[in-house]
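You will see chain A twice below: alongside chain B first, and alongside chain C after that.
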Partner chain A sequence: MTGFVASLITLGFLAQVLRIAIPYVLAALGGTLSERAGVIDLALEAKLLMGAFAAAVLGYETGSIAVGIAGAAAAGVAVAAIQALWSVRLGADQVVTGIALNLGAFGFTRYFLGVRYGQGANSPRFDGVGTGVLTNPITWIAAALVALVVVGLWQTRLGLRVRAVGERPDAVAAAGVSVARVRWAAVLIGGAIAGVGGAQLSLPVDGFVAEASGGRGYVALAAVIMSGWRPGRAALWCLAFGLADAVQYRMQTHGVGLPAELTRLLPYVLALVLLAVWPRRVAPPRALGQPD
Partner chain B sequence: MTAPAMRVRASRRFGDCVALADAALEVAAGTVHALCGENGAGKSTLMRVVYGLERADRGELELGERIDLARHGVAQAQARGVGMVHQHGMLVPTLTLADNAALGHEPVRGGRYDRAAAARALVAAAARLGQRLDPDALAGDLTVGEQQRAELAMVAARATRLLILDEPTALLAPREVDALFAMVRAFADGGGAVVLVTHKLDEVMAVADEVTVLRAGRTVASWSAEVTAAEIARAMIGGEPPPPATRAPTPAADAAIALAIEGVAAPGPRGGGAVDVTLRVAAGEVVGVAGVEGNGQRELALAVAGLAPVARGAVAVGGVDVTRATVAARRALGLAHVPEDRHLHGLVQGASVADNVALGRLAEVGRGPLIDRAAVATLTTQLLAAHDVRPADPAARAGALSGGNQQKLVVARELDRPGLRAVLAVHPTRGVDLAASARIHARLRDVAAAGAAVLLIAADLDELLALCHRVVVMHRGALAGELAGAALAAPDARARLGAWMVGATP
Partner chain C sequence: MTGRARTIHLTVVALLATMAVGSLLMIVAGASPLHAWGQLLQKTLGERQGFGQVLFRATPLVFTGLAVAVPLRAGLFNIGGEGQLTAAALACAVVAAALPPGLPAPLAVLIATAVAFLAGAAVGAATGAMRIYRGAHEVIVAIGLNAIIAGVALWLGNRSLFVGESTRTATIPAAAQLPELGLAGSNASVSALGALAVAALMAWLLARTRVGFTWRMTGQGLDAARAAGLPVDRARVWAMTVAGGMAGLAGAHFVLGHKHAYEDGLGRGVGFLGIAVALLAQGEALAIIGAALVFGVLGQGGLAIASDVPKEMVDVLQAVVVLVAAASLGRRRA
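Entry: the complex of A and B
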């Protein structure tokens, strides 16, 4: 037990927290953008999964980490484009669309692995970015993206329009701005960011494992809601989830006497408890979930 | 003669409903043009076509030169100097006034949105209209009057050719209306054209140089010279206007209190609401509640009706405390409710007229757990005939009725029933045509004459002054003043009520 506690007060543990938190952070940033524009982002799970998958497959096929990361962003955009087509263009139910995309991504990745590599659960291993944190380009990309999204949302023309369109799309239209265009932009940019978050699930472990997203997209969405749709705070909440996740890994490796099946639940239970007890002072974007 | 500032002719259908049938309007520069018509006449739709928010199926538009309507949009209208202040406001509540003003035309410096420049531009635009405002205030924190003034400043700053105001006075106190009209006049005197969309004839007479009347999507009359309010009213209705409303006989001084509201506090979902309201309405008395919308009238009404909890204080119907009673218990005691929102609380839009009658009158048509369909049919047929609801078809879907007929149906169901003791009527004639309004007014008068207490919450001072024995004013959730009897008939009654509505002491 003392070994377990001592292991938490190390730089290695801090690095582990950051490494684990990055997919949550990037998914939450992407989700904040979509939801601020009024589109419920239940498809974060699919964006993470497709990002992880594209990064591993392209990384393996081209041998380039940069291509892998770019591919992850592109995969996130692809999922976001389908989401926007259904949610913004066709006015379909946004919750159902998101769930369908998540289920579709699970099926697609397994199918592709089977067809291309003859196995349904793993992509071939290759040299990824390694488990180091400071040597991982995604760490720096993530840090830059947190700053960019915060600045972008509050200090740019598009950011102002995104914040407006999630509240009063009719007012945005009356101001002569296309509601659909602003929503498309927010959802696609958000998709790219969440996709990069997916790369962090495969590149540090040198390959893609089926269902690698493991529900992180939903936890990230919880962070978005608890943050009151504010990207900086959402990132902080994601660090908390990363911390919970890291703690449960250490509990497993140090054998604190709880079954792994239980300790693994820690971040999800934390999200559930926080959602219940965290005071909801901030109202969601008023037009969230409403097509035009 | 110079070319008009704006000329439009348009047709538009929504499904089976003809909104515009070749409606036409021509507005000269430097004039205030009133566009009049009953609700549903197509006034807003026509103006939305001009502003590029609504497509026209067919038509033509000139803004200095011929405009291709197929490619027309808000951005194009704005580029031609057209601005529109919308009926329900178009401010994003979570943004500051400066952000709202900048939306769509954001000043940019060094790649970033220049908030300071947006704020300076808005303050300058407001100053030109003689206003002062705080550009950093959140729009949602302002009163509707403040929001509307800010919106006018934003729109007027860009509109050089044509300023469209869609029912701008619906949410304003009389004093604020005067200030608004002064700004409108100043804009026209500066060479701009103004279209004032309204159905209030006193406003037309006060400010307009020219008048056009729409009825059922068609332009039926247009005057540029002297015209009387009666002529405009006849054109709007297409016939003789109904006689003005009358007051019920004054109840005896010792009449029992039928509806008592004692120190009621009922907070709203976003704060505000009613704070501490005490109001006792005697049997046979009609008491009006005036006030600018959003000053707690809605919360008070929902609390009295039993649709929202009473935080403090008590409500009694016929001397029986109903503070914690269910809606059904209140109805059983003789409380009737004509709700503000007939879509939300008044009618089930997708159900038949007969089912809607049955829902409100279950005590009469219910037989244990079953409904006596024959009784429903008899009751419905009788109500539809007695209250002139058209079509008089019990099987028609309630939502398919016109606004006026829907409201007549609600009023018939609520007021024409045995054991009626107290009536809570909230904006009962809003969005209702003049003929239906007159019937509803007569109905309220009749139930009061028959001994029911009537609490009438309305925005229209004329309606309140005509029907009520006593009028109170709500401001910031509390009663700010009261006029009764002779003081109501005095010429300064409107001014005194109007002053209380904005929190001033007359």
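Entry: the complex of A and C
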């Protein structure tokens, strides 16, 4: 028990929390952008999964980490493009669209691994970015993205427009700005950010494993909601989820507390309890889920 | 468009999109679409054994399809079928195994089925209550519960319920086992008939009863239904409760009709597949039978051609159907 507690107050533990939190943080940033623009982002899971998949496959095939990360962003954009086409252009039901994309990404990644590598469970291993935090380029990209989204959403013209189309699309349209174009931009940028988050699920562990996203996209969306759709706070909530995840890993390795089957559930339990008891003083974007 | 025209339109578009994407995935995998589709249909609709397997696969999909369709009519989305099914299957297997010997078969089946229904319903009720009374999004709550239930079931199993070193609970007594239909050695059991009866019952409930009326009104316009004095909140929690019970019956199908025990991973994916079934059927209880058969054919046929095309093709096709339905659903709600 003391060994377990001592292991929590080390730099190594802090690094582990950051490493684990990054996919949550980037997914939540992406989700904040598209939800602020009025598009429900239940496709975060697909964006993480496709990002993880693209990073590993392209990293393995080209041997380049940079190509892997760029591919992850592109994969997130690809998912977001279908989402935007359906939500913004076709006026589809946004909840159902997101779930369809999550199911599709789950099937597509396994299908592709089967066709390309002869089995659907994981991609071939290669030299990724390693488990170090400071040597991992994604850490720095994530830090930059947090700052960019916070500043961008509150201080720039595009950010103002994104917030406006999520609240009063009619007013934005009356001002002569295309609501659809702003929503497309928000969803696509959000997709790229969440996709990069996915890269963090495969590059540090040198390969892609089927179902690598493991529900993190949904937990990230819970963080977005609890933050009141504010990117800085959403990132902080994601750090909390990363902390819960890291603590449960340590509990497992030190054999402390509950059995492994139960400690693994810590982030989910935390998310559910918080969703139930956390007071919501901030209303969701008023046009969230409304096609126009 | 009228309701019927819209249904036909959606079905045609969904089938065309499924064929197009499926053919593409077959070509990428190096198979001839004509040959692969031919094999897929031949091994499912052209053989007694294959058709029996289609029925076997379609049976739980009717239940999980209803588990999505009922709340959908009331304006809620139930993505918690996986967890509801797992909780129900575990409870069903444990109670059935503990039934006193000598209990007559119909009574044993009835008790075990009721336990499955109630266990699933409890999970559904919890999801609905979180949504209605705490304002938590039902999709996030359900995904969280899916993960938690899977973990707890595995823990309970490893701790005390699994037999020996296996990941399987004790076999239930013969009295609680559902007989097979005897279709050329396929796994189809009389639970297929139960699925037909339950679908008919739900169709009646939705169309002809007070609670069904309240669900439909709530789904068509929450504020209007509330203004008309309908008990909207309670009705929506009930919709999720009944939905959980439906998914629970899918768990009973696997335990009583096939595995005769609970196994780790039992019925995995069937809860999610219910979403595609319900949406293809436009939430109509009786159309769900047809939609479940379509996915039964795809699932069983996908296995039959798995040496040529990875079987995950079916998961992609399932997503295609849901995407097509999402576009149609959005226009209807708007």
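Quick note on the criterion: the second predicted complex is superposed on the first by the 291 of 292 C-alpha atoms of A that agree within 3 Å, B and C clash if a C-alpha of one lies under 4 Å from a C-alpha of the other, contacts with A are read in each partner's own complex, and residues count from 1 in each chain.
By definition in this document, a residue touches a chain if its C-beta (ideal position, glycine included) is under 8 Å from a C-beta of that chain, and two chains touch if they have at least 3 such contacts.
Just so you know, these numbers come straight off a predicted model, no measurement behind them.
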Fit-or-clash call for chain B and chain C when the two complexes are aligned on chain A: fit
First, second, both or neither for A:107, with chain B first and chain C second: second
Degrees between the directions from chain A toward chain B and toward chain C, using C-alpha centres, nearest 10: 80
Partner chain(s) touched by A:218 [first = chain B, second = chain C, both, neither]: second
Contacts of A:265 with chain B and chain C, given as first, second, both or neither: second
Partner chain(s) touched by A:93 [first = chain B, second = chain C, both, neither]: second
Dominant contact partner of chain A by residue count, chain C or chain B: C
First (chain B), second (chain C), both or neither touched by A:176: first
Partner chain(s) touched by A:159 [first = chain B, second = chain C, both, neither]: first
Partner chain(s) touched by A:291 [first = chain B, second = chain C, both, neither]: second
CA minimum distance (chain B, chain C), superposed complexes, angstrom: 5
Chain A positions touched by chain B in one structure and by chain C in the second: none
In the complex with chain A, residue positions of chain C that touch it: 25, 28-30, 77, 79, 130, 134-137, 139-141, 143-145, 147-148, 151-152, 154-155, 158-159, 272, 275-276, 279, 310, 312-320, 322-323, 325-327, 329-331, 333-334
Contact set on chain A toward chain C in their complex: 42, 82, 86, 90-97, 99-101, 103-108, 110-111, 114-115, 120, 215, 218-219, 221-222, 225, 259, 261-262, 264-265, 268-269, 271-272, 275-277, 280, 291
Chain B residues touching chain A - in the complex, by the definition given at the top: 51-53, 73-75, 77-78, 84, 86, 90-95, 99-100, 102-106, 108, 111-113, 115
Touching residues (chain side chain A, partner chain B) in the complex: 151, 155-157, 159-161, 163-164, 167-168, 170-177, 286
